[in-house]
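I have a structure here, written as structure tokens, and I will follow up with some questions on it.
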Amino acid sequence: MIINVRTTQDQQFIDITSQVRQFVEQEGLQDGCVVVYVPHTTAGVTINENSDLTVPRDILTTLNKVFPVTGDYRHLEGNSHAHIKASLVGSSCTVLVENGQLQLGTWQGIFFCEFDGPRQRRVQLKAIASR
Amino acid sequence: MIINVRTTQDQQFIDITSQVRQFVEQEGLQDGCVVVYVPHTTAGVTINENSDLTVPRDILTTLNKVFPVTGDYRHLEGNSHAHIKASLVGSSCTVLVENGQLQLGTWQGIFFCEFDGPRQRRVQLKAIASR
Amino acid sequence: MIINVRTTQDQQFIDITSQVRQFVEQEGLQDGCVVVYVPHTTAGVTINENSDLTVPRDILTTLNKVFPVTGDYRHLEGNSHAHIKASLVGSSCTVLVENGQLQLGTWQGIFFCEFDGPRQRRVQLKAIASR
């Protein structure tokens, strides 16, 4: 399945946990895992705290300090920083499923990570049964 | 299955390779993969060298230099650095299984990564058959 | 299956997309995912843009600026920087498969990441069916 995500800022974390949870229910997956995959090279996906929005804010701010938007880059599109961040947070997340339920920790949410927006983006979901 | 991990330091890598190997044997998984998942937002899991303990030491020290414990963070709990590190090393690892054996490289071990301890932590394991 | 990769530089991204695609066809996997796993501790695997080679160049250069080759490291082999980078980009990637086709995004390629070469390296591939 594909989730469409509309980002509205140049860099932004968007919580997609409820869509992933809904997907698991629709698929009827009882035991296994869900792979959340981002088919873009300047965006990624990560799992982190989604109850206090200062957490994604601090992650984005700190990544920008360490991997600045402007720098000694050769790639002419001006978004090398976004490619770097995408490779560091990664293009996929795997979350376990047991008894039909997504096994996220208490404070965990799944975030689509926009590093070069705003854009129309997609997230692919796949249910994998344990056997 | 769930592994309980008791961390004893604020930041610490704990080798959980033997528990993961034991899990694969118990499950009787012959061919597929094991997903090692950390349901916390200030801890993660990574695969790296476990024969020379200066390696995890250097990884932790360097991460602290680049993503310092204290900084210009908004999150009031004082552990933003740990959330950042958790997103960078990631909340899960996937290791292949063939002929009932975990397919780790010669020097590879699986480390639980504590970034905001000491705490009582959990690691979830799931065996996924190839077909 | 195992892919052999011969790296020729100390740090280098090598595009292995075509080998992974060929593997999916050989396996006849219709629906599921492929796990690309690197059994080394000073190398990794990442997904990023493979049409403009300045992108992997900028990623490597920036990682070297942030995690320098020489530094205050204890590990005596002189490759701590490579272990750190390996844990950050990660030792595996998961890519979805639908209708027998690898579901990479338009600009995405799969790169073996050499951080301590040149060496003879291996990449393990595993096809996992969705159910």
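Letters A, B and C mark the chains in the order given here, with residues in each chain numbered from 1 onward.
The rule we apply is simple: a residue touches a chain if its C-beta (ideal position, glycine included) is under 8 Å from a C-beta of that chain, and two chains touch if they have at least 3 such contacts.
Computed from a prediction, not measured in an experiment: that's the story for all the values here.
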{"item": "Contact graph of the chains (line, ring, star, complete, other)", "value": "complete"}
{"item": "Homomeric contact subunit A-subunit B: same or different residue positions, threshold half", "value": "different"}
{"item": "Gap in Å, rounded to a whole number, between the CA centres of subunit B and subunit A", "value": "19"}
{"item": "Residue numbers of subunit C (touch at least two other chains)", "value": "66, 88, 90, 94, 128"}
{"item": "Parts of subunit B lying in touch with subunit C, wherever the complex brings them together", "value": "32-33, 46-49, 52, 54-55, 57-59, 61-63, 66, 88-90, 93-96, 103-108, 128, 130-131"}
{"item": "Contact set on subunit A toward subunit C in their complex", "value": "35, 37-41, 66-67, 71-77, 80-81, 83-84, 86-88, 90-92, 94, 124, 126-129"}
